[in-house]
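Listed after this line are the structures, all set down as structure tokens.
What follows is a pair of complexes built around chain A, which joins chain B in one and chain C in the other.
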Partner chain A sequence: MLSLFAPTLLTTPALALEWLADYADEGVFVLLFGVAVGAAVSMVAQRNPLYSAISLVFVFMALAGLYLLLAAPFIAAIQVIVYAGAIMVLVVFVIMLLNVEEEERRRPLRLRLLVPAAVVMAAVLFAESAFILYFVHDAAAERAQAAGASTVGLTSSIGAGLFTTYLLPFEITSALILMAIVGAMTLARRASDIRPTDVVVPGSMVLARHTLTPEPDVDSTPVHARSTGEAGRELGLAGAQYRNEEEE
Partner chain B sequence: MIPLSWYLTLSAVLFTIGVAGVVIKRNAIAMFMCIELMLNAVNLTFVAFSSYFRDVTGQLFVFIVMTVAAAEAAVGLGIILAVFRNRESLDVDDASVLKY
Partner chain C sequence: MEWLNNLIGPSAARGLGQLVGINVAFIGVLMIVAYTVLAERRILGFIQGRLGPNRVGPGGMLQPFADLLKFILKEELVPDQATRFVYMLAPIIAITAALMTIVVYPFGPEVHIPFIGPVRLTIARFDVALLYVLAITSVGVYGIALAGWSSNNKYSLLGGLRAAAQLISYELSLGLSLVGVVLMSGTLDLYNIVEQQSGWLGLHWNIIYQPLGFFVYLISAIAETNRVPFDLPEAETELVAGFHTEYSALKFALFFMAEYVNMFTVSVLATTLFLGGWNGPGVAQFPLLGVVYFLLKITFFLFLYIWLRGTLPRFRFDQLMNFGWKFLLPLAIVNVILTSAVVYFQFVRAQS
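Right after this comes the complex of A and B.
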């Protein structure tokens, strides 16, 4: 690694070009490393959630570049499409929808006594990981590298793996996505305008009084009920018949 | 050839920043984004090992993790919407008692 910074190599343009070609990977890695860490720190430091989201998109893009450097083009592509595209658009959409205010300043730290202990434990963890990174060499990885070029990481190899060896996890993933769709729809439905004919899932969040009775002067203490129908009966909403209870 | 340890170092740094963010932040959406950062740090480890050991399993796992992250995003943001609707705030300290 010392030769990376050796100035003697940079004496002639041809040698400089050769040196650049030799260390192009390292240069790209260092650049992406800087972008990823800088954007991650900025994400935590920002107090406006929207700026945090934009910083996170930079982290995702840097990671996609690293995946390309690792010869994993398929993962790099879905990193950009799924993470930077779909998930972050969803997050930004929710931030815009909720009109989130800036985070307030940090409150004074409680439990000051634990700060030295935290520093010591962080130092131990750091030393441990540094030891592993410096002294443990993996012969298996070096042997695999010596075997030459491979197709691992190309879309065909990932497709073959997903539809043969890992078919069951792949199918379970589809069930998971289906559950997530149903769960998100249940959670995000507007609970305040429930009409008597609406189907209400028992145990959903419709439990505060003012969400069930439209009068503004009603106290907002929550109703203890295991289902929305039970809450309606407890509040004396005679007309509040819920279809899921009628069907039972 | 870049040493494997460089990727593992970056992954550890990103994961630590993510953990610090979850501990420091009090805005629910910001905490959610820090969790996404931690998932991405682990994904980087998976892809690095997969690429260095010439074994595609790690990249398939990354695919599954991304699917779980997408499902988590949908459900998590649904929960955030529900909490905001009930409390008019996204500060997690306001929602420390989950019962009401």
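Right after this comes the complex of A and C.
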């Protein structure tokens, strides 16, 4: 193709611009593909968990770009909103909150058993991709050509599909996610720590109800005392804890 | 447009047109940002009974450029123990995510430009423009969170954590408050949504049908931009300056600009979705009037931001979370249910 266009490229800049515009798709694909693969490798290779998380965000962004090239803008937008914008933010949040240090250097012998398994898995994946490329791809392209312009990636067709043909799987998935949320909450709060009546606000401190709304019958009249120890004794608290040096 | 097509071909001409559009919009938005900063300082001065910057140029009009020059010429300080790569990356993410949404804003209707022909005053029309805006702005939180983490400073880290928690919490109600408008108009294309509001001499705005959605959107949007009264990530009374404590010179300027560009984005979305975009009386006769209406509505929202900053105190963090999860989110869900019920019954009535 390049040799075909090369002479005209040199003669007219107008045609060169046209050529660039026509092949922008391929250029963008190569760029996104490079970013996706590079970031994926970096995600696995990084020792710092935060760097891995950032790399994964780049993978998601590049994948969203690839979806756009496949004429599926809705999937692309959802990919960024859900994965890059919500899930990975939570991952980064947790990494920051726990202040995870660099992963300790693993002994090289550990997990060596899994290396052949990984090679086999990769081979299977490659065989699968090759199969899809050489056999399935043609059939799908023929069908798409027969059907005329494709509406697969449009928001309206995805919505219609979700609420008619795929309603049951859609509802089951949402029920599953809801169950997962409830399960996570049940696992996260230990029964002894928090009672069901306690006030729990997402993202903030866990506060017992009596700290937020003090009971009215608590005696809050001031005690007259010259030192902390005296006040402690007055209130009937363990005096030893409150004794200060002056009194001794 | 014909002569340009003949000269360099249709797709190159389209690309050139988009390039020009992007540059014009980019410079325009940055100008608006610069003068929003000045307006904020002057109006805050007025609210607090002082003058504000009024020495550089007539009435302080050149103050933003003096500030920019100062930002460029200042020394760049990088904390010794900072994670350098992420520290550099964070402001880039913040400003990129803020500016990338410009391409889908509908700035005005189709206008006739001499020698060029009819031009729609939007750079790209996009099937899922609204989702695109939400997606890109949701990436902006990385800028703040990573800035807080990489500075290796307690206050910065706390600011970054607060920002991540706050933005995720309010993104839910923000997204749900827009569902009502989308249900009504049946499209995610911002240009189409604006065009649908052109009835009643250009006053047939969505806010008439979606007052609840507008209310929830406005509050969650203010929280999303980290502005008073939701400015906990940079609460200066508790966290020095929050996530950007360790940033100086141009990198600080990028965060600063990102915040104001985000304010602009929020104003554009509010205008487009609820206040009829460029629509107003007389736009059908004089299309360029639409741009004026659009900018006036934006100005109103930006003024609202400044006004709030001048008058409201800050939330406490648990109040913020309570408000977001227990008040705004249920309200947004009620709005979605109400709107879908009305849309459904209208559909049924139209069928029978």
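By our rule, the second predicted complex is superposed on the first by the 140 of 248 C-alpha atoms of A that agree within 3 Å, B and C clash if a C-alpha of one lies under 4 Å from a C-alpha of the other, contacts with A are read in each partner's own complex, and residues count from 1 in each chain.
Simple rule for what comes next: contacts are C-beta pairs under 8 Å (C-beta built on N, C-alpha and C of every residue); 3 or more make two chains touch, one makes a residue touch a chain.
Note that the coordinates shown come from a computational prediction; the quantities given were computed from them, not determined experimentally.
*Asks:* Quick one: name whichever of chain B and chain C touches more residues of chain A.
*Replies:* Looking at chain B versus chain C, the one contacting more residues of chain A is B.
*Asks:* Look at A:V57 in the shared chain and tell me whether it touches chain B only, chain C only, both, or neither; answer first, second, both or neither.
*Replies:* After superposing on A, A:V57 lies in contact with chain C but is clear of chain B.
*Asks:* Return first, second, both or neither, reflecting whether A:F163 touches chain B, chain C, both chains, or no partner chain.
*Replies:* It touches nothing on chain B or chain C.
*Asks:* A:T155 contacts which: chain B (first), chain C (second), both, neither?
*Replies:* Second partner only, chain C.
*Asks:* May I ask you to decide whether A:A84 touches chain B, chain C, both, or neither, giving the answer as first, second, both or neither?
*Replies:* A:A84 sits against chain C, while chain B stays out of touch.
*Asks:* Who does A:F131 touch here: chain B (first), chain C (second), both, or neither?
*Replies:* The answer is neither, since A:F131 touches no partner chain.
*Asks:* Scan A:I181 for contacts with chain B and chain C and give back first, second, both or neither.
*Replies:* first
*Asks:* Regarding the shared-chain residue A:L66, is it in contact with chain B (first), chain C (second), both, or neither?
*Replies:* Once the two structures are laid over each other on A, A:L66 reaches chain B alone.
*Asks:* Kindly list the residues of chain A that each of chain B and chain C touches, one partner per complex.
*Replies:* Chain A residues touching both partners: 74, 78, 86, 90, 97, 205.
*Asks:* Which residues, counting only chain A, touch chain B once they are in their complex?
*Replies:* My answer: residues 25-26, 29, 33, 36-37, 40-41, 43-44, 49, 52-53, 56, 59-60, 63, 66-67, 69-72, 74-75, 78-79, 82-83, 86-87, 90-91, 94-95, 97-98, 100, 103-104, 106, 129, 133-134, 138, 140-141, 144-145, 147, 150, 152-153, 157-158, 161-162, 166, 169-170, 173, 176-177, 179-181, 183-188, 190-192, 205, 208, 222.
*Asks:* Enumerate the contact residues on chain C facing chain A in the complex.
*Replies:* Answer in residue numbers: 7-9, 11-12, 14-15, 86, 89, 126-128, 131-132, 134-136, 138-139, 141-142, 145-146, 148-149, 157, 160-161, 164-169, 171, 175, 188, 317-318, 321-322, 325.
*Asks:* If we count contacts the way the header does, which residues on chain B are in touch with chain A in the complex?
*Replies:* Residues in contact with chain A: 1-2, 4-10, 12-14, 17-18, 20-21, 24-27, 29-30, 32-34, 36-37, 40, 43-44, 47-48, 50-57, 59-60, 62-64, 66-75, 77-82, 84-86, 90-91, 100.
*Asks:* Tell me, which parts of chain A touch chain C in their complex?
*Replies:* Result: residues 13-15, 17-18, 20-22, 50-51, 54, 57, 61, 64, 73-74, 76-78, 80-81, 84-86, 89-90, 92-93, 96-97, 99, 154-155, 201-205, 207 of chain A touch chain C.
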